[in-house]
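Labels for the chains are A, B, C and D, by order of writing; each one numbers its residues from 1.
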Amino acid sequence: MGLRESEAKIASLEASLASLESEDILQKEAIVKQIEEIRQTAYTHMDAWDSVYLARHPKRPKASDYIARLFDDFMELHGDRFYGDDGACQGGLASFHGIPVTVLAQSKGKTLEENMKRNFGMLQPEGYRKALRLAKQAEKFHRPIITLVDTSGAYPGKGAEERGQAEAIAQCLQVFADLKTPVIAVVLSEGGSGGALAFSVADQIMMLEHAIYSVLSPEGFASILWKDEKRAAEAAKVMELRAQDLKRKGVIDTIIKEPLGGAHHDLDYVIAQLDEELLKQLERLMKKKEKTLLSERYEKFRRMGQSYEGM
Amino acid sequence: MEQLFKTRKMRLDLFKSRRSSDQKQPIDVPENLFRSCSECKESIPFEDLMHNLYVCPHCGAHLKLTAHERIRQIVDEGSFVEMDKRMTLLEGRTFPGYEEKLERLQKKTGLYEAVVTGTAKLGGIKCALAIMDSNFFMGSMGQIVGEKITRCIEYATKKKLPLIIFCTSGGARMQEGILSLVQMAKTSAALAKHHEAGLLYISYLTHPTTGGVSASFAMLGDIILAEPKCLIGFAGKRVIASTVNEELPADFQTAEFVLEKGFIDRIVERKDSRNVLIQLLRLHERRVSWD
Amino acid sequence: MEQLFKTRKMRLDLFKSRRSSDQKQPIDVPENLFRSCSECKESIPFEDLMHNLYVCPHCGAHLKLTAHERIRQIVDEGSFVEMDKRMTLLEGRTFPGYEEKLERLQKKTGLYEAVVTGTAKLGGIKCALAIMDSNFFMGSMGQIVGEKITRCIEYATKKKLPLIIFCTSGGARMQEGILSLVQMAKTSAALAKHHEAGLLYISYLTHPTTGGVSASFAMLGDIILAEPKCLIGFAGKRVIASTVNEELPADFQTAEFVLEKGFIDRIVERKDSRNVLIQLLRLHERRVSWD
Amino acid sequence: MGLRESEAKIASLEASLASLESEDILQKEAIVKQIEEIRQTAYTHMDAWDSVYLARHPKRPKASDYIARLFDDFMELHGDRFYGDDGACQGGLASFHGIPVTVLAQSKGKTLEENMKRNFGMLQPEGYRKALRLAKQAEKFHRPIITLVDTSGAYPGKGAEERGQAEAIAQCLQVFADLKTPVIAVVLSEGGSGGALAFSVADQIMMLEHAIYSVLSPEGFASILWKDEKRAAEAAKVMELRAQDLKRKGVIDTIIKEPLGGAHHDLDYVIAQLDEELLKQLERLMKKKEKTLLSERYEKFRRMGQSYEGM
C-alpha cells in the first residue's frame, strides 16, 4: 500500500470513527489503533513515489511560509529591469539572525488565484533574470544569498521560449558559479530540471527529507523513455530523486529531517532544524576568503559524476 | 600595415585551395551510393553531397554531419588532435538497457560518446574545439559529454586558447538522471573561468540544439552562430503546443526565429562557416602592442 | 542577537514618536486655509493635509511636496545639512525670457534651483541626499541641477555614504539646450563611480519622473522605489498616443504599470517611506565583521 | 533665401537649362552662371536651419555607407540576448587599419522598406541593450569602440516605454562612462536627445560639419516652448545645435569638414578626413593607461556646463 492509498484509508477510517456513537469504545479503540498502525507503516516505509506525493502535497508548506518564519523584515524587491516581474520568483532582502541576506525563492501559490499569479511556481525568463539581478546586487554588497527551490521545472510556454528561457537559465548557471558571495540553496519540495538547477548552484545545498530533485518530472521521464506517462511511479523508483539518493551521489550536502508524515505535519520542527543549519553554514561560509569560497564551489560541481575510464 | 593584410590574404587563399583540394578527395565512400535529403526527399549521389559539405543541392538543407566530418570541413588539414577519445562511463549505466544501447552506438558510430574534443588550428590559429555528434544518442549530455567538454574548456583556459563548441543535442541524458542535469552547471562553471580569463568562446548551434545543452554552454558564447533553419529551444514544441493550446508559428524555434528574438548573433551557412570562424579568431588574436 | 533587535526596535519607536510630534507642530501655515486635492478635487484643511503628509485623506492621492517638506518627512529631525544651496547659473541664461523666469521662480519658491542637496541622517545612519522640487521649473534638469546632483554623488563616493535621490522632473531644461542634455551623462558617470565603490544608491521616484531624468539617475538605483500612482516614463503620453495611433491603457506609465513591467522594486506609500528607507539603509550598513 | 529655397531654385533652373535648344548658348551661359551664384551664396552662408535641412537630406549618406567605406570585413552581430534584434542599431566587429574594433551604429534606411526595418533610425530598448552587450564584449577583449550617431531621438512608442527605454538609455550612459576601452563617437547627421546621447559617451566626439546635435528636435523644441511646431526654423537658430556651436561649448572635440553642399556631394572627401582623424585619435587613445583613459573621460563630461556661482 503506497502513501496515497494509506492516507485515503486513514481518511476513511477517521470518517467512520467520527460516525460512531460515543459508547462504541472498543470499536473506536480498534480503529484508532488501526489508523496508528497504518500511519506508522506508511510513514516509515516510504518509497520514492511516496516522496513525490509528499513533495507535491497540497498542504506542503510553500516558500512564503519559510520566508515568513526564517527571516526578519523580509522586503520583497521586484522586476528584472528588462521585461517584467515574475510572480513565480520572489526575491528580496531580509535579516537572518541579524545578518543581512538576499532571499531568492521559487514560489508556488496556496490558492488557485495565487497560483495564477505565481504560475504554479514555474518561472518565466523574467524570473531567472530577476534572480540574476538581485544576485549581482548581493555580490556588490557582499551579502550572502539563500535560495529556496520549489518548481516542477521551467515553463513550457511560447513566450518563455521567445524571451529565451534557455539563455536565462544558462546565465544563472554561469553567474552563480562565479558569484563572489556565499550562496546556500534549500530544495524545499520539487526540484525539477533546469529550472531548479538555475537556483541550485550554491556552496551548500540542503534538501528537505521528502523533497525531490531530478532531471525531469517522473511523468516526463516515463513519457520520454517509455512513451507512457502513466508509468511515473515506476520512473520515480529508478530515478533516484530522493534526498538520500542525492546525498549519496554528492549532489546535495545536508538532509533536513521532516516530521512523520511530511513537513506540513509540523512546520516548526522543520524550521528549527533549517534555522540552525542555515546559521551554521552561513557562519562557516562567511569566514572563507573569496578565493577559497569560489574554488571550493567550483570543485563541488566539478566533482559531480566522476566515474569514467579510458582517457 | 598593408603588408600585414597581404600576408593574411595569402594565407587565406592558401587555406581555401587546401580545403577545396581536400574536399575533392572522396574518402571511404562506396561508389554509386545515394542518400535522400531529409527535407526535400530528393535523392542525391553521396559523392556530390560530400563535395557540397552535406548541404542539399536541391533545397539547401544543411544535413546532419558526423563530428569528424565537421572537423574535416572546419579545421586546417591534419591539425586536429583529439583529447580524451576513449573516455566512457565506468559506473552509473544501471538504467535498464542503457549499457547495451551505449555499446551498440559505440559500434555503430565508431565514437565512444556524443562529443569529440580536442585542439586544432583554423587559419593557423590554435583553438580548443568540441564537436557534438547527434548520431550518438541524439547528442544527449550525460556525465561523459559533460566531463569531456569541461576538460576541453579547462584546457583552453589553462593554455589561453579560444574555444569553439559545435552544439547539437536532444538535451540531458535521461538514463543518467540527476548526474546528467548537473553537467549543465559543471560546463557553465568551467565557461565562467574561461570568460573571466578574457578568452573568446564561439558557440555554433546546429540542428537540433535543445534542452539542457541549450540552457547551458550553447547559450553562453561571446558570439553565438547557428546553421540555417536549425532547431534551437529549451522545451519541446509538442509540450509547448499543448501548454499554450494553440498552433505555434511555422518558424517557431528555428535559427531565423531565434535570431529575430535577439539570442544569436548570426546565421552562417556551412560553406562560409570556416571563413567566418577564421575571421572571428583573427579579430580576437592577442595583440602584442595592446594592453 | 536578541539584544540587537531590541535596541533597534527602541530606536525605531523613538523615531516614530519624534516624527509624529514633529508633524503635530504646524509650521508657518496660515490658519483656516484649504487646499483642493488635485485628484479628487475635495477641499482639505491645510493643517489636516500637512499632518497626513500631504496625502489626500479622501482618495489617498500623494500630493506634490516641496523639497523641504520632503526632507522634513524623511530625515532625523534637524540632521539635514544643505550643500551648494545658492548655486545658480552664471552664463547661458540667454534664451529669451529664461533669466526672468528663473528669478521669478526663485522669489516664489525660495529655492535657487530645482533640487536641494545635502547630507542627513535617517535612523541615525548618515547619507547623501538629493531632493528634486517640481515647484521649480517643473523639476527640469539644467546645468545647475546636474552640477548639484553630481557634487552630491561625488561627495557620497568620497565619504563612502549611501545616497538617496528623490526624483521628480519634467525632463531636460530646454532653455539650456545641449548643456542640459549632457547633464544626463554627467550624473550617470558620477553614479558609475559611486557604484564601483560598492555603495548603496536608492532612487525614489515621485510624480512625475519623466524625460532626461528618467533616462539617467532615476533608473540607476540599486533599489528603485516609487510613490503610488506617480507618472514614470521617458516619452510624453500624447506623443506616444499620436505615434501608435491608439488609446493607451489608463494606467500607462503609472508606478503600478512600471512595477509590473519590471523596472521598479517597490511602490512605497508616503507614510511608510521613512521606515522603508531606514530599513534599507540598515540592511546595507557596513559590517565590521565582514570582508 | 534659405538652402531649401536655393536648392529648389537651382533645380528649376536646371530644368529650364535642359529644356533650352542647343543654340541658345548665351541664355544657357547666363543660367549656368546664375546657378553657380546661387550655389555659392547658399552653401557659404548657411544658417542652423540649413544645417537641419542638410542633416536630414534624403541623399545624405547613412551609417551603412560609412561602415562600408571606413572598415574592412565588417561582421554584423545581432541581438540583445533579452528580447529582440533592433534593426535601428547595427553593431559588429570590423578591422580598421588592421586594428580590430567594435562598431555601434544608429542606422537609418535608404528606402522606405529598409526604413521600416530600421524604424527610421529610432532605437527601441533592444537597440540600446544590443549596444550595451557589444560594448561589454569589446571591453572584455580590450577592443576600441567606434559609435556612429544618427537618430532623430528615442522612439516614442508604446512598446519602447513598456520595455523601459529610459532604463536602457540610462544604462548606456552609466556603462559607457566606465567602460575600460577607448570609445570614439562620430555624429554623422542627426543627434537627437537621449537616443543620441546614449551613443555619445566617448573619449573623443567628432561631428560632421553639417550634422546637428541637440536636446530635442527643433520641431519638438518649438512645440514645447512656443506651442507651435511651425516655428522650428526659428528654434533651430536659438538652439545652437551645429557642430561649431557644440565645439565652442566643449560638447564635441573635432569637426569633420564637409564638401560644398554637404556630405552627399563628395562622400570620399568626408571619408578621407574621417579615416585620418579616427586613426589618429584611436592611436592616441590606445596608448593611454586604462586609469588615465577613464579619468579623462570622466573629466570630459564633468566639465560640461560649468558656469555657476554662489555655492
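One rule holds for everything that comes next: contacts are C-beta pairs under 8 Å (C-beta built on N, C-alpha and C of every residue); 3 or more make two chains touch, one makes a residue touch a chain.
Which protein is which chain? UniProt says A, D = Acetyl-coenzyme A carboxylase carboxyl transferase subunit alpha; B, C = Acetyl-coenzyme A carboxylase carboxyl transferase subunit beta.
On a predicted model such as this, the values are computed, not experimentally measured, just so you know.
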| item | value |
| --- | --- |
| Farthest chain relative to subunit B (centres taken as mean CA coordinates) | C |
| Computed distance of Cα centres, subunit D from subunit B, in Å | 40 |
| Inter-centroid spacing, subunit D versus subunit A (mean Cα positions, whole Å) | 53 |
| Whole-Å separation of chain centres (CA-atom averages), subunit A against subunit B | 34 |
| Where subunit C touches two or more other chains, by residue | 195, 261-263 |
| Of all residues in subunit D, the ones touching two or more other chains | 81-83, 163-164, 167 |
| Overall pattern in which the protein chains touch one another (line/ring/star/complete/other) | other |
| Inter-chain touch pairs (all) | A-B, A-C, A-D, B-D, C-D |
| In the complex, subunit D residues that touch subunit A | 81-83, 129, 163-164, 167 |
| Complex contacts: residues of subunit A adjacent to subunit B | 154-158, 160-167, 169-171, 173-175, 177-178, 193-194, 197, 200-201, 213-216, 221, 224-225, 238-241, 245-246, 249, 251, 297-298, 301-302, 304-311 |
| Residues on subunit D engaged by subunit B in the complex (per definition of touch) | 72-73, 75-85, 93, 95, 97-98, 100, 126, 130, 137, 140-142, 286 |
| Subunit C - residues contacting subunit A, complex | 1, 4-5, 195, 198, 200, 222-223, 259-266, 276, 279-280, 283-284, 287, 290-291 |
| Complex interface listing, subunit C residues touching subunit D | 84, 86-92, 95-96, 112, 142-144, 146-147, 150, 172, 174-186, 188-193, 195-196, 211-212, 214-220, 232-236, 239-240, 243-244, 246, 248, 252-253, 261-263 |
